[in-house]
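Labels run A, B, C and D following the written order; every chain starts at residue 1.
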Amino acid sequence: MRIAAGVDVGSTQTKAVIMSDNGGVKLLARALVDTGANVQRAAERAFDACCQEAGIHGGDVGFVVGTGYGRYKIAFGNTQMTEITCHAKGASFLCPGTRTVIDMGGQDSKAISVGANGEVLDFVMNDKCAAGTGRFLANSAEVMGISLDEVGPLSLKAKHPVKIATVCTVFVESDILSYLAQGKTGEDILGGVHIAIAKRTLSLARRLNIEPEITMTGGVARNIGMVRALEEVIGRKMLVSPDAQFIGAVGAALFALEKLDQSFEFGIWRGDHAVSGGH
Amino acid sequence: MPFLAGIDCGTSFTKAVVLFEENGQPRVLGKGRTRSGMKVDEAAGAALEEALSQAGIRRPQIDYVAATGFGRYGVSVRDIQVTEITTAARGAHFVLPQTSAILDIGGQCTRAIGVTDMGRVKVFKSNDKCAAGSGMFIQRAAKYLEVSLEDVGELSLRATHPQPISSVCAVLAETEIINHVSAGIAVQDILRGIHESLADRAGALLKRVEMKDQLTLIGGVARQAGIARALEDRLKVKVNIPPDCDFICALGAALLGLKRLASKQSTMETVASEYAN
Amino acid sequence: MRYKNRMAPLERTFDNCSAPYFLSVREWKQTHPGAKVVAYFPVYAPVELIHAAGMLPVGLSGAGDRLDIQHADARFGSFICSIVKTTLEMGLAGHLEPFDGFLFSTICDSARNLSFVMKRNFPRMYIDFLHLPHNPSSPAAAQFLAEEYRRLLSELEQLRGGKVSDEGLRQSITIYNRNRALIRELYRLRTRAPQQVPTSELYQLIRMGNFLPVEEHTAQLEAALAEFSSRNTKPRDSIRIVVEGSFCEQPPLTLIRLIEDAGCYIVDDDFVIGQSWFESDVPTVEDPLLALAQSYLDRSVYSSVRHDFRKPRWGGLVEKVRRNRADAVLFLIAKFCEPAYFDYVPYKQELERAGIPHLQLEFEEKSFTFDRLRTEIETFVESLVFD
Amino acid sequence: MTDKKEYRGSIHQRQKDLMLAWYDQLDQAANTSNLPTVSMMISGNCVELLEGFGAVPIYPEVNALQLAIRHQSLDPILAAEDLGYAADNCAYVKADIGCILKGITPTGGKLPTPTLILCNFVGCNTYLKWFEHLAKLQQAPLYVIDVPFMRADEPSPSDVEYVVKQLHETVKKLEQLTGRKFDYDRFRQAVECSSRTEELWSQIKHLARRSPSPFDAYFDAITLMGPLYVCRARPEGVEFFEAALAELQAKADGRKGVYEQEHFRLVMEGPPPYPYFRTFRDMFAKWQACAVASTYSTVGGLWEFGFRHDPSKPFESVAMHMIAHNVTNRNFLQRYEQIRRYVEEWNADGVIIHFVKSCRLFSAGQGDMRDYFTKQLGIPTLYIESDLEDPRYFAEAQTRNRIDAFFEALEHSKAAASVRSGAWGKK
C-alpha cells in the first residue's frame, strides 16, 4: 500500500494530510497548526501530528509534497508545488465534478478553472490593490473588536447592509470606523463587508469562464456568511467540503501518490529542481 | 472659575480630561479612559464619568465640553468639536512648550504636525494611504510574530541583519512580513526592519513639516512598541514623550474649550458656532 | 441647509439626468426620433460639432457612487482612476444603450487606452479619438487641429447621414458662446458674493450641462443667475479657497458640501471643466473649424491635461488665486489621476514662493465616507482662523 | 541550481564599450560644453536629426533603468517624493528628478545640462510632464514635437505633414541654440545608417523564430537596445549589429538555445521589473522558458514587420517612424495585433503580461488584453503586477507563486498534448 503526505504551509495556518492508495485512495489523517513565526517547525508539527493520528511512522510515508507560501521551508518535503495546482487537484477529489475553484486565502484570492482530471486550465489572482481577502475579514473583525468566527453568523443578521466601496484592506477599516461613528449596527456593517468581498470575488472569477460545479476552498469557506453572500451574487449553490481548509494539502498528497505510482508519466515533475530554485 | 471637559474619541480608545481654571492657570482634575468599541457616545459618556469621579465633581458642574478625535461628531454632550490635529498641537504645546513638531502614531494613520510657538497648527501631513506606519500595523505584526507589544522594542534591538519592509501599503507590508517569516528570517531582524522603515516613513512626513532637532511623540501604541528609540537613532533627533501622552488631544480640546469660553468675541466663536449646528 | 426649498428642483434635475440611467437623455431620444446621441469624455471636447450635426452631446463624467464596479476592474486593474472604470462598467452593464457614439481625446494615457478597449468591447458603436495638439507654439498646430476637426465632422456627418453647413456650425458656436458666457458670469458673481452662490448648487447647475440640451441648460443658467443675484445672504466667517485638480473625475456632491460646511467659500474651481473651457467667445468667422482650433490653442482654460509650454500652468494657478482674492488653494485630486499628481509639485512650489497656503486632498467619485477628509479640511480651516 | 545558459558572446562586452563611450561623451560635453546635447525620450526617438548637428542624445529613461538594475533607484525616488511627487507618479520620472537633485549619475561621471530638452511626445502623456518639469528644474529650453497618436490603421497625410513641419522647426531651434548650421548630408547619412541598423536588428528579431531561439527576446534584447537608441544612426551602430547578427546567426545554426532544452516559448508584454531584473529572469530560467518576442523591445521602433528609415525622403521617414512605427504611439488594439502575430509567427506557447504601475501607457487596460487572449484566442496568458523602477512594488513570493503555477499548468497541458500526440505538442 502506498502512503503519501501533503503539507500546506499557509500564511496563518499550516495543514497536513496523509493519504493512502490501496486500490482506492483514502484520506487517513489530517492536522492543522498555527504557522506562527517558525515555518519549518510548524510544518514538522503538523506532519508529526498527522502521523500520530494515522498511527504510522514518518518513515512509512513514501513521498511528501509541500505547498503554500512556506513550501520551500519544508525540510522533509520531497518536492513542492504551488497551492494553485494543489487546490485544483484537491477540490476535484473532495468535490467531484468541480470545474471552478474559488479560494480566499490570507495573502491572496484566486479563481481556478479546473479540468476533468483536476488539472489547472486557467487561473486568476487578485490585483495588488485587492490583496488579502482573508485579512480583509480579519481586520474588519479586529476593528469591531469581535472574534473572526463571529463575523459570518453576525453578517447574516444584517437588515440594511452598509455600502463598502473600497477593495482596499487598509481603507475598509476607516470605512467601518466611519460607520461605527455614524452608529450603524455591527450586523449591517459586517453584512456590507461580506457583500463587498463576495462581489469583488465574483468579478475576479469572471475573468475566467465560470463553469459549474463551483467549489469554495480555504479557511474562509468555513465562514457561513461568506458562503451565502458569494452564492447570492453568483446566483448558484457552491460545493463546500467539510475538509475545505485541507484541500491544498489533499491536492499535494494526491500528487505525492501519483509520484509513487511509477506508471505516472506526465512531465509535471520538472518542478522538482524548485527545491533549490526557491531561495 | 469654570470647569471644562475635553473628550477624545479615538479609533481604539476614548479619553476624557476634566479641567479647572484657577487665576489663569488651567489644572487637570481628572482623567478617564475606555475602549471605544462600537458605540461612540456611550464610550464618551463612560470616559467622562470616570474623569468626573476622579475629579470629584458632577456633570452639571461642567461649563463646557469640547469633543475631538475620530468620533467627535458622535458626542451628544459636546458644545464644540475640534479635530484631533488641532487639539494635539494645543495639548502638546501646553505640556511641552518647546514643541515645534509632533509625530502622532495613531491606530489608523500616522501624522506629522508643525506647531507655532503659540500652539497653533502651522502645517500638517497625514499618511493614511500607507497605514504601514500606523499603530494597528505594529500590533498586527507583533501578534503575527507571537511577540507581546511591550517586548517589541527590546527584541528589535537584538537584530543582527534588519530586514527592511519596503512596501508602501500596509497590506503588502504585512504580506512582506509573512514572506520574511516563510523565508525563515529571525523575528528580531523583522521587528527591527519594521521599526526602521516606520521611522523612515515618519521621517519623510516630518520633513514636510520642517522638523528641527526635537520631536514630540504621541500615540499610545508607538510608545509601548519602543518606536521612540528607533526614531532617535534613525532620525537623529531628540524625542520627547509627554506624560500621559494619550490624553494630549483630550487636554488640548479642553484648553481650546476654555479659550472659546473665555474669548466670546474671538473669530473662533463665529466659525465654531457654524460647526456646532 | 439654508436653501432647502429652492435646492429641491435643482437636485431633482441633477439626479434625473445623471449617470448611470441618463433619464433626460432617454427622454430626449424619444422626443427626437432617429436623432443621435454622442458622448464625450468630459474635457476639451468640441461639442459645437456634435451639436451642429443635430446630435445631443453628453459629457460622460463617470457614474459616481451610483454604480458598483463588477466587470471593469477585471479590465483596468490596480492603480487606475475610477472614472475610467465606471465609464467602461456602464458599457459592460448595458447602461450606455442610449448612446450612438463616443468621443475621447489625448487627455491622459488611461483614458486614451480606454477608448480603444471600448472599441473592442462595443464594436457596433461609433468610437473616435481626437488628437489635441501639445505644441501650440507650432504655426502648423492650428491647421492640424482644424484638419482633425474636419475629420471628426465628416465622421459625424456619416453617422447622421447628412452634411453640416458652415452656417450651422457658426450657429452652434454662437449658442455655446452664450452658454459659456453665462457660466463665466455666474463664476464672477460667486467670486464677488460667494454667500449668494454656494458651490454645492453651482456645481450641480454646471454639471447638468453635461446632459441637458445646451438651449435648455442656458435657460437654467439664466434663471439661476437671476435667483443668485437676488439673494441677500449674510456672509459667514469662512476662508476663500480656490479648488484645483478636479478637472476630469468629479468629486461627490457630499464632499463639496462638506468643504463648505467646514468653513470654506470656494471662489474658483476647475469642476466640470468641459462645460467652461473657453476664457472668451469663439469668433464666428469665415472658417468655423479653424476658429475652434485656434480657440483651443489660444482661448482654452489651462488644466493638467492641456499642455502649452509657452505659458506654464503653475503661473495660471497663482494668477487665479490673486484674481479671486483667495486665501488658500485646495488641491482636490482624483485618486490615481497622474496628470494632477504631477502638477501638484510645480503648483506647490509656486504657491509657496508666493506665500499662499494650500492643502492636498484625494477623493474618488465613488467614495462616500469622508471622515478623514473632513478632519483634514477642518484642521486646515482651524489653522487659518484660530489664534 | 536554476538551470540557465545565457549566451555570453562578445556582444555584451562590445555593448558595454559602446555605452561607456556614450557616457564619456556626455561627461565631456558637461565639461567642455561646446558639444551640444539633447534630452530625448527613447520611444520613437529621432536621433537621426541630432546627427545633423553632431549633437549627443541624453536618454533619462536609460539613466533611470541603469540605476534600478543596480538597486539604487529607491533613494532618488524618495528624494522626488519629498518634493511632493505622489506614490502613484511614474517612478522613472521620480528617479530621474531625484538623480538631478542629488547629482547622481549612472557612471559617476558628469551629465550635462542639455542644450535642448526635446520632448518627442509619442503617446506618453507622462513624457510631457516629465520634460516640462525637467525644463523647470534645469532651466533648459524646451521644445515639444507633437506626434499625432495612431487613431487609425495608417497615419493621415496631415499627420505626417504636421510632424515634418515640426521637425523643420526643431532644426531651426537647434540652429539658434547650438550656433551650428544643420548638416543635411550628415542627416541623410544618419538616416541611411539607421535603415541598415534596422535591417540587421530585424533579422536578429527573426532569428528568435527558430527553435531553440539563440537569445531571449526580452531579457537579452534589452542588452541590445542601448546601442540601438544611442548609435543606430552611426557607423559604429551598424558594425555592432553586424557583429551581433553574425554571432547569433552562428548560435542559431548550431541549434544552441538560451537553455539546454528550450522548454517554453513566450511572448512578453510590458517593461521588466528592473529593480529585480535578475530575480525575475531566474523565475523563468527555472522553467527553461525563453521569450521569443516582446513588445517592450519595440518602444524605440517596431522594425520586425518591415519599416525602415528611408534616405531618399529622410524627414518623412523620421516622421513615419515617430508616428507609426514605435509601440508607444500605436494604439492599444494595434498592440493586441502585434502580440497575436508574435504568438503565431514566432510560435509561442503563451503570453506573459507584466503590469507596471508606473506606466499607464503600457498597463492601463491590460486586463482587457488578458481577456482578449484567453477568452477570444484561447492563448495561455499570465497577468502579473509590479513596477519597472520602484522596488517597493515587487512582491517576490507572490510573483514566483504565479509564475510557477502558470508553468505547472502549461507543463501539464503540454504533457497531456504529448501523450495524445505521442510528441511534444506542436514542436
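By definition in this document, contacts are C-beta pairs under 8 Å (C-beta built on N, C-alpha and C of every residue); 3 or more make two chains touch, one makes a residue touch a chain.
Please read all numbers here as calculations on a predicted model, not as lab measurements.
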item	value
Joint neighbours of chain C and chain B, given as chain labels	A, D
Pair of chains ranked first by number of touching C-beta pairs	C-D
Interchain centroid distance [CA atoms averaged], chain B/chain D, Å	48
Geometric centre distance via CA averages, chain D-chain C, whole Å	36
Averaged-CA centre spacing for the pair chain B and chain A, given as whole angstrom	38
Chain C, residues touching no fewer than two other chains	73-74, 77-79, 371-372
Contacts with 2+ other chains: residues of chain A	69, 107, 127-128, 174, 177, 181, 207
Residues within chain B bordering two or more other chains	70, 128-130, 172, 175, 179, 182-183
Chain B residues within the chain A interface of the complex	9, 11, 35, 37-41, 70-71, 73-74, 108, 128-131, 136, 140, 144-146, 169-172, 174-175, 178-179, 181-184, 187
Residue ranges of chain B touching chain C (in the complex, touch as defined)	70, 82-86, 109, 118, 120-124, 126, 128-129, 256, 266-268, 270-271, 274-275
Residue ranges of chain D in contact with chain A within the complex	1-3, 263, 282, 286-287, 357, 367, 370-371, 374-375, 380, 383, 385, 393, 395, 397-398, 400-402, 404-406, 408-409, 411-416, 418-419
Residue ranges of chain A in contact with chain B within the complex	9, 11, 35-40, 69-70, 72-73, 106-107, 128, 131-132, 135, 142-145, 168-170, 173-174, 177, 180-183, 186, 279
Touch list for chain A against partner chain D, complex	69, 81-85, 107-108, 119-125, 127-128, 207-209, 265-268, 270-271, 273-274, 276-278
